[in-house]
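Chain IDs A, B, C and D follow the sequence of writing; residue 1 opens each chain.
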């Protein structure tokens, strides 16, 4: 196992080339946000924008569009029940995130995304989409381009390994079969990729144990994948490290750290580690 | 009578354990916010999140969902007229708040909450729910887990003691019969618990005498009860003290202190008193 | 003519009594905000809250409720087409503002307000309500409790005095007949009351010449009238002076000063002049 | 070719005359913002207000009104499908912007604007309106009052010059025929006017390569044109220079610069260059 350090950030956050435009930094589509959990999609979308993706679209329940725009005019909105528009958005995406506040009733959207994506697109599967994936024994067409971000209960559903028995070697064995990268979130988050050494974090804080944190991480990962084109697992590791790094930094003066507060710090913190 | 001091905060706001997750800090459900008084529910919900509850859901009139999410993507929303979803949310709550902007026409929701809760859940009854409780002679099934937060007129309705005659011994006698904790809000707020010495506050400021302050206090109390597991009255006292402490601190440089401003200070102020 | 100075603020902004509650600082009802000009009502309402009114309700077009609450959960909302609820709100108001974004099609609401108010309530008539009042030759039942806040074109409509001919003595003569206080807004704002010396401002800045400024002033005046109980004209003068004072202060470092920015400064600036 | 410097700002941003009112600084109408791209119209509108236009109205899809007002109560809203109201708004405008999030399905609105405007009004054509203009071979009635703000692909559509072949002399030749001012956005933005020397920017940063930046520039240009009455190309050059200047300034400490952050800096930055 390899402990992640600030070096993971310096390796990934490269200086932007002078001759670039918004297309250079990738298109992200976030699929999530039903009528009850719209905030999750808002957080993921905001994280993707603040992390530097060039163009971000959220496909969510229509009732969330106004709140999204009231917070973030920088993103575009699609009704996730408008399949033609969603399909078109997916076709132009460099990275797709599915699951942030999606809800367990939307298996249709997960299968749509899984079948629509091509081998040149990345896919982040978070939250309820992990549960849907697990319970319906779905398959990945391009596991090497796929990232799962389960917390412990979701990892149990995904891997069959019960909480308390999610030992690193067992999870690694599961990930080798799965073929995808897995960010196993806990108070000791680890990142697994097939046949690779495990990354683990020693930073992070209980102050960040609050609703919406996972959605924020998923959005950050998508923003990193959209613009940084090194190995998937290095890019995912950098985003995950930065998420906990900012939380820990804020926790020096805050008893609780909110997802929105982490997002706000992204532009400055990324500058700090630009290399 | 015992004067509350900063010590009440240091006793309650414990350092968070390293090995924790959002579930460790409790689930709060806020029931309130009709079409006219949606802001009250928004303030209570925001206070619960900023005070550190792990997961917060607001059950309110559908017309308030967008404004809530535009301010606070960290919370989840339920339509308070969707009884099955509300019932499910209540069943998973550690703490329920009812009354912030609920309105006097929703006796049905108060009786639903009173009958749905079990002996392991806490209940905060605020605002119009106090009036409804009083006028309909409702009963508590678990008074020891219940907190009322009346202002003087609401205390009159609840106890029958007229404003001007709410002497501490008379209120204490009433509280002994009621069996619940009562935060009697006034310019000299007192906290009563059955057969306990009375707590009183000497801090606070007329700058905080503005609409929404009570809702903010109710939300803070719920956030404290969700994550801190000492005696109810100590936890309630700490939240109440912190509310006035922040108001007084801000009033040093402000003629008026708004509820939203108190809420924003919570993460830093709680850190200051973490012990 | 008397030049207003900071003294006008010190005379009005008294230290709040310790033994007070939100009712002590008055109830304001703002009537305005049609579907097109909702922002005007939002600004007036926000100004009333930040200026320290204890309880503020806005009666506006239903389509503005969500935006209002997304910015200001501290206020309550009423649909201005729900006459019974509006009438009830008006009956409890200490101060009513009508006109901020009301639109010229709502004569019905102006006549409703004029007939509903009693001699113990104050009334601020702003924006389109001034035009409606003028064009329909309406009458005031309690002119001594009424404040008009016209800009030059509205003063022309109200008084018949054309722009360029609005000399102080002529306006004073008109005001003596009208019986109300008139804040004549221009680059040299003056305040007229029947048979009183004229107040004039030498502060203010062209940086504040932007949409929404008048609505903000109307809201501030209402907040002052709700909580300060000296002579109407002194209270109105103080609010008007403070509005320009903050604008001028911000204009030292800003080319443009937005209404929202003035509002944000109110709590601190009022503290500065508290006496 | 002439390199733009801070002098372009000092020449244009004149000290505001003391004797002025909101009408002195012009009326802007922004036409854009369909259901999917409402954020673009919100950003353009906000930029116009913060850049100092006296009165700003946005004509967009009804679903965007609430989000707009939640962010910016200083602007007025019109449903862009309410033609009579839109026509009236257009008739009073000093500057019209069309295209920010308009969408390719609204040729009707572009032709309406092109035919409604008179020779005393300015017109900024941005985003999808450039594509519509190009694909439908539309004509300008008053090219000397018209500004196009294409990025490279839009310039290809407008001029027929392919990306990679948009050499300055060829674009200039095209602009001489077009008769309008063209802000050719790229990592080396240039401003062309008929038979004038070309302006070019050496400032700007890849940190600003993110969705919504073009909309923000269009809004800023409209705000400048509304209040500054020198030559069109000088005014447009100043707004364009300021946009990149602020972005570069923020990029000193941020890896990504968001449009909203540029807008917030406008009042202070314009003060800095006031002359």
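Just so we're on the same page, a contact is a pair of C-beta atoms (placed from the backbone, for glycine too) under 8 Å apart; a residue touches a chain by one contact, two chains touch by 3 or more.
Just so you know, these numbers come straight off a predicted model, no measurement behind them.
Visitor: Nearest 5 degrees is plenty: how much rotation brings the CA atoms of subunit A onto those of subunit B?
Guide: About 90 degrees, rounded to the nearest 5.
Visitor: Subunit D and subunit C are one sequence twice: same or different residues at the contact, by the over-half rule?
Guide: The interface is built from different residue numbers on each side, given that under half of them are used by both copies.
Visitor: Starting from the mean Cα coordinates of subunit A and subunit D, work out the distance between those two points in Å.
Guide: Averaging C-alpha atoms per chain gives centres 34 Å apart.
Visitor: Among the residues of subunit C, pick out those that touch two or more other chains and give their numbers.
Guide: Only 66-67, 70 qualify.
Visitor: Can you name the residues of subunit A that touch subunit D in the complex?
Guide: 13, 16-22, 24-25, 49-56, 65-70, 72-78, 85, 266-268, 270-271, 274
Visitor: Which stretch or stretches of subunit C touch subunit D in the complex?
Guide: 35-40, 42-43, 46, 63-64, 66-67, 70-71, 151-152, 186-187, 205-207, 209-213, 251, 253-260
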